[in-house]
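One structure is given here, and the rest of the page talks about it.
A, B, C and D label the chains in the order they appear, each numbered from 1.
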Amino acid sequence: MNPQTEANKDLWKAIYNTGDLQHCFNCSTCISGCPASFGDPPLLVRNLARKVMYGLEEALFEDDTPWACVSCSRCEEMCPMDVKPFEMILHIRQWQASNDETRVPPSIVEIYKRGYTQAVGTNVETRQALGLDPLPIITNNPEQLAMFREMLMKTPVVAANDYMFGG
Amino acid sequence: MEFCLFLGCNTPAVRPDVEKAIRASMDELGVDLVDADNYVCCPAFGSFPSTDEDSWLATSGWNLSIAEGKKRDILVQCGSCYSSLRMGREHIMHSDEKRQRVNELLEPTGRTVCGSSRVRHVSEVLYKEITPARIAEKVKISLEGLHGVVQYPCHTLYPSEVVGFEDSPREPKGMRQLVEALGATVDGYSRELQCCGGAGGFMKSTPEQAIEFAKTKFDAILEETKADFIAVSCITCLMHMENVQNTLNKRVGEERYKIPVFDYNQLLALCLGKEQKQVSAICNVSRDKVHQFIANAKVAA
Amino acid sequence: MAENKPIGTVLVAGAGISGIKAAIELAETGYKVLLTDSSTQVGGILAKLDYQFPSDHCGMCRMLPMVGREYSSEYCMRKSLYHENIEILPFTEVVSVAGDAGKYKVELKKRARYVNSEVCNELGKCIEACPVETADEFNHGLTTRKAIYKSVPHNVPQLLLIDKSVCTECGECVKVCSTGAINLHAQDEVETREVHAIVLASGVKLYNTKEYEDAKSYAVSPDVVTSLAFERMLSGTGTYRDGIIKRPSDGKPAKKIAWIQCMGSRNKRQNRDYCSSVCCMFALKEAVLAKEKGGDDVETTIFYMDMRTFGKGFQQYRANAEEEHGVRLVRCRVQEVVREPDGNLRIRYFDPETNEFQIAHYDIVVMSTGQIPFDDHRKWAELVNGELSPTGLLATEKYSKVRLAGKQGIFMCGSLMGLTDISEAMASGIAAAGEATSFLNAIGTDKVSFEDIAEPVTDDRQLPKAAVLLCKCGEFAGAEGIDLDMIKTEVMKHRGVGTVHVVNSICSEEGQKEALDVLKKAKCNRLLIGACQPFMYRRKVRDIAKKAGYNSSLVQIFDLLGIARRGTEEASKLAWTRRTINEIKADLESIKQKPALHVQSVPINPTALVVGGGIGGMHSALSLANRGIPVHIVEKSGELGGFAGNQIAATVDGLKPMTMAKDLKLKVFEHNKITVHLNSQVTKTEGTLGAFESKIVSSGTDQKTYLHHGAVIMATGGHEGQTDEYGYGQSDRIVTQFQFKQQLESGAIDLSAVENVVMIQCVGSREAGKREYCSRICCMWAVANALKIKEMNPDVRVYVLYRDIMTYGFLEQYYTKARAAGVIFVNYDLNSKPQVEIADGMPVMRFTENILNTEVEISPDYLVLSTGVDPETSNTELAEAFSLPLNNDGFFSEADSKWRPIEFKQIGSFLAGVSHSPMPLPDVIMQAEAAAQKAYTYLSGGSINTARVISTVKDALCIRCQRCIAACPFEARSYNAAEHRIEVDPAGCQGCGMCAVACRNNAAEVSGWSDKQMMSVIDAKLADDLQPSTAS
Amino acid sequence: MAKFSKLAFNKGELNNQLSAFFADLLEKNAVDALLAPMAQPKKGVMQTLVTSKQNLSGVDPFAPVVPVNGARLASSLTSNPSGKKIGMVLRSCEVRALVELVKLKQANLEDVVLIGLDCYGRYENTDFLKLRAAGATTEDFLENAQAGKTETDGCDVAGACKICEFPTTDNVDIRLCIFGAGQGTLLIEAVTEKGEEALQTAGRKFGDSPAGRAEAVKKITDARVAAKNAAFAEYRNSTNTFDALNERLAACINCYNCRVACPVCYCKECVFVTDTFRHKGEQYIGWASGKALKMPADTTFYHMTRITHIAAFCVGCGQCTSACPNDIDLMPIFRTSAEKAQGRFEYLAGRSLDEPQPLSIFDHDELVEVTGQVK
């Protein structure tokens, strides 16, 4: 690897510009107890941070492991340098998604369409059987849903990939 | 005590009996709940938080604004919802810039957000506000004689500054004390604080390893405890810890992993004498033993 | 006014080793010391340690004064300390400090012990009687104690106290106490004392598992212990006396032990962005001991981030621990320790060797806990109303580690400066004492002059006739089961006894008067005094004897309660009495055979020679000269200031060496007590103790000067090391850290045209066959230069290739700062060194990025090499000329690497700064001050008294085999070839008796300990001629 | 680098051949003086110092007698060096004692060419004189000894020699070898460069190494070791308790002969002649109280003191036994205690010039297993 030719030294600014990342001294605390570090390939937060520091765009762009994170945030609790690794992971995902539409999670389309990742409110009978009243969900409130969608339209991910949300 | 109930996606859609349990027992405990009308997904970490900050915070803002409109704190059961809303609120409150941007986006919808409503997890309210002592008083049916283990939702522990409410985030006691308040014996075990592994992409991206990871936890429970049940306080933990057991059994070809998993609110509701058919109706790992125990206790009582 | 100058008095707050050292130094200089400690014991942390590296022995006693031992007790330091001029106040807090420079009023709160140590006879019946069991904090709760207890197992005297937090006030102890020493209703006492100066030596609080949340992820079992607790487990007086290391939880022998470093330290998230400096060596030492104590099958693993072996000899110790002892080091910070059902402790870590996760199980996990300094610093800042630095520590004067900023006459030392190892504690203690004496000197206080009762000349050849005084304080005599009357009659029968007399309470004024009268009348030439706890007032007794005309060496002090305390096979009044009589007779025999010994006084030429005119040398010289000591500075170059003083404009922590040097030069040249010899070198030194003659040769001229001096301070500095590695010399773009710094400052480098800079640390350092030591300052230089680059042009990419970043203590913050500025630190190890080639004049590099596990290629605009610090080449000739020892690395070898870091074994020779080892400027100055103080104590008396008890040579018996010379640990013996005889340096000899052991023919004899004497003693011990009839 | 030079001799010619060889050494200035056992004018064979070949007539190095352990002589010759190069013809026990004295700086080998002997043992002085008077010659002795027979006319070699496991002599420059040399030959071996140089100067030619020597040496050594082990078992019983010791030493009269004869009893002035042992009457009375005190007192104590002094250096030459006027066999006491003491320090007296003597250096960590102290 040749950082002169392969690295974008300002990558960290593009991805996670809070400056927290720079404090990392590669102590490995984040990875030694991470659930997703048991995965294959393992999620190695420490290495992600390192790639960002070097500015290894390509390697990072290809890297799927950020999406394996279980969001338990234990790394954040344990990190002695307050790098906030979980937030870093979210930022890497954002960077990937904003540069690669295939990374855009389908769930956001669901949310856009009906407000939820699940078909909330469709299980009427079950709910009745349990003695539950219908929920005041947005899906049943076209006016509010429209407003919600309009709002999202103004956000980068939706604006940039509007074709996904059409209809 | 009054809250704005935020149920998220999974609970009302997949496990409405948990919703029922919450409503029932909160009512019994004199907590007034109003629904967050027109709420949307929290948003889950895998959705907008993974694409861009605007959509993430706008969505959080949308939900928060509902509670703020009602001048109530938000009550949440789902761990991810709790953590996502807390983090969203954190960003909105601590960065003027972000707060402005969010309100800009909300403005056309006639909403505003300032962070005035706090985000509270149901187990926090039970533990800190209502307290195990009062729960113990209210309980009609005791689980005395049953052994249980507890599963702390990571999202209510880490990072402690943002989401924590335990006196000691590294040595949490809430769940244990809450279950003990129901009369059950809580067995500790070496992997008590190990994440269930259900959230995020771990399970999707590498199921083999995710299941192996969960297996270590269940094996520890089997070896180290006399657990008749597992009490969780997060919808993801609930669903995942049931599913994994079934998968594991298929693997080993015998019914070795069959510890019933309850959301704490379900146990609570049952002990408050609520109708099992309503508050503990759905499960993928049989709860009969525990239900039977409670039924017998009911008769005795 | 000169008459009634007050005696200079100093409060030393904290009786850890640095406090003790400061106290001893001050006391030796002749000032009074109040030595307080908030804990119940003296000795601080070190009281808990049996072993210290590199020797892995205790050696606390080595801090005792080497001359004038008469006045300080020669007890084991871990037992306790006695000195004429030191008033020890354990269990005492400083509650307020009022007044200002030179006249401080300190309020001291003596916390109640509920046991009056004056009266207590330590028999410990109360302890047996006490029904309350509680955890013993001295052994970190690994053992239990009673509510009434002896706080330190090995202290003498054993000061008992009651722990009111657990005491039930059942009164059992009061019932069994025969001396009425216990008062359950005793109150704390507050008293105000006036002192002229204050030395803060309280140490700092240590990180612990109780208070700190983040520790709980590790402290999940009783088998997870702190490094200090583990030290107690290893200790002979500690928890497992059988010497096997066991799991606290179940006593299972521990075969796998892990250490986790940086517990509480290097943690920005917890606002502890500092390194605790000592934990790495502590862990290495404990791992080595664990193997030696537990056997070779014990596995020891240390989980670390950087192994900070920056001190003298540290790196060699690490190498030895790894290679000789097989201690395993794993570079990984672990997230948690999990307790398995079988009690084993599971640790999951990422193994950089295999680049894979590993899970390991251990019997014991040791948390290398660090310091939590801020509370203590805040407390002191409030008490003395001193300023706090931005970091939250007591601010010190620029360049000084010990002088509090803007607080005249208040100093600090030891771990309050940040955790220190023993040698630094010693140096800082001495330095603080030095600053204090300079201050006391300046404000015109007086020194203690001992009531000098002339030593009576006893004719020891006339027939020995002994007077025996037995002390009786009604409380114990009868009750504690020795029959004084029987003793009296029996001892009276013993041959050579003149009189036996029972005195009431010899510890009291009246008692002493009575004793004096008796002795005057007695007309004896030997004296034995029997009392309880006699060592408490040894000197008093000696003075009475002197006044009555008895030579001190012919006075024997006998502990009447010793027998009962030690116990006998048969615990009866008769048995105790007979044993006592028997031992008294033995002691009588010993003094009967003893000659009268007299103290020799050796005159000292009160002039100092300082070799090396660097900042350290100049500081020492001024410190001495300001106290009236004439000083010669010999500097081989034509310019004072040395390397730092002439080359370094500024350091990263804001010091300006060149400016400082300029200022010092001025003072030095102006000072009428200092003579400077430039372009000069010492070629030969001759003469004897206290009167040296050094031959000075000045370059250019062939004229020779002869300097006469009583002491010498080696302050030769060092310089940046050389290298031929990494293409150095083949390209002007490959430079040393120092060259780079200069080019940066001079503007010779146009950073706007620079894209990449690579730095390589440890070039030719910490490597067998090369500089085997860590040069301590290179990491800071690299960090400083890196920060400078980033400051001048943030776009430059800086890569620092390191092995272990040695930013110990609060320097850690600069390391953090550098990373925050975007500097990339890449770890490498010796078996994969970076590769450098030169392509058309520019360096081209390959190195392993071991986190991502890939090869990195890069063509930096500059390759900067940290080539370490080399000792002055002239050290070799100087060592020759002064016959002082050098170590393998070419630095001077101090007398004892821990306890006597700034003096040589050769009395009157001292060392400071880089002549000792590479170190940053503030440490150089601290050592320079300490060396000056040592020299001052030694020179200011004008003469030194040798001890009475020193070894002698009987020429008639001596066969000149010279075995005694090899045996002498103090190099006090030498062979005089001219006269073909062995000689003893009376001031160097410490009377330890090693030579007497080595000598095959009793030619080496310690005065007052002749064989004849010993054999009569043995006779007396063996003979139990007490007729039963008399003993009925 | 061993090089061997043959020296053939006809019956009765051994000593003539040897004196010729020594003459060469002197004449060609390989050495300036020679110390060697020589027959004395009237009777007996004693170490004799000569500086010219004229005085070599009595040369008889293999004579089975050692009136004085030569180490003592070597010490007086070299502790204040003469500046002359001296050749010294010594046996194993003498050289081994000498090695210890050198370490104690009581002797100096710089200007010495050590010539060692193969040794079949020595007779007690009186026995030797008796045998000589009866006409026995050195060559007879060697012949019988080679055949394994040292006992003649009721006289046998000294007890110390029978159990001496060092029949050949090490730490020398030149060795005069008879073991495995075969009838009528003696081998002169150059052991060190110094020795080789001396021999060359003396004009000796070197041939090939002898075939049989190695096993010959082994055979005799093994026999001695076996004898030693057997003897030690018995010795220990008679020395390992105070009573046994007192008994063995009962006849001692404090004449201190053993001390004078002992080559490693190096003290300049013995502590037993200092006032340390000039007791007062009261002390004697004290000791006598309640028991019978044998006089002179301090006899056992004297020997024990000697043990503490020399146990680490004793080479087992047995001169103490030979010296005792009251036929106390002292050698066993010293041999056994020496073996223990030296074994404790993994030391062997006389083995090498380089090993430091026990207790001459102080190491914090020595005897860890005894003191139980942890490094």
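Points worth noting:
Definition applied: a residue touches a chain if its C-beta (ideal position, glycine included) is under 8 Å from a C-beta of that chain, and two chains touch if they have at least 3 such contacts.
What you see is a predicted model; the values in this text were computed from it and never measured.
For the pairs B-C and A-B, the larger set of C-beta contacts lies at A-B. Inter-chain centre distance (chain B to chain C, centres taken as mean C-alpha positions): 57 Å. We define each chain's centre as the mean of its Cα atoms; on that basis chain A and chain B are separated by 21 Å. Chain centres here are Cα means. That of chain C falls 52 Å from that of chain D. One finds 94 Å separating the Cα centroids of chain B and chain D.
Residue positions 38, 74 of chain A are each in touch with at least two other chains.
Counting partner chains per residue, chain B has residues 169 touching two or more of them.
Taken pairwise by the contact criterion, the protein chains fit none of the simple patterns, being neither a path, a ring, a star nor fully connected. Chain A meets chain C in the complex at residues 1-4, 9, 12, 19, 22-33, 37-38, 42, 46-47, 50-51, 53-54, 56, 74, 78-82.
Interface residues of chain D, counted against chain C in their complex, comprise 104-106, 266-271, 274-276, 282-283, 286-287, 289-290, 309, 357, 359-362, 364, 372, 374-375.
Residues 213-214, 216-217, 338-341, 346 of chain C are the ones touching chain B in the complex.
Chain A contributes residues 35-36, 38-40, 43, 64-65, 67-74, 76-77, 84, 86, 90, 93-94, 97-98, 104-105, 107-108, 111, 115-123, 126-127, 129-132, 135-138, 141, 144, 147-148, 150-152, 154-158 to its touches with chain B in the complex.
Of all residues in chain B, those touching chain C in their complex are 168-171, 189-191, 223-224.
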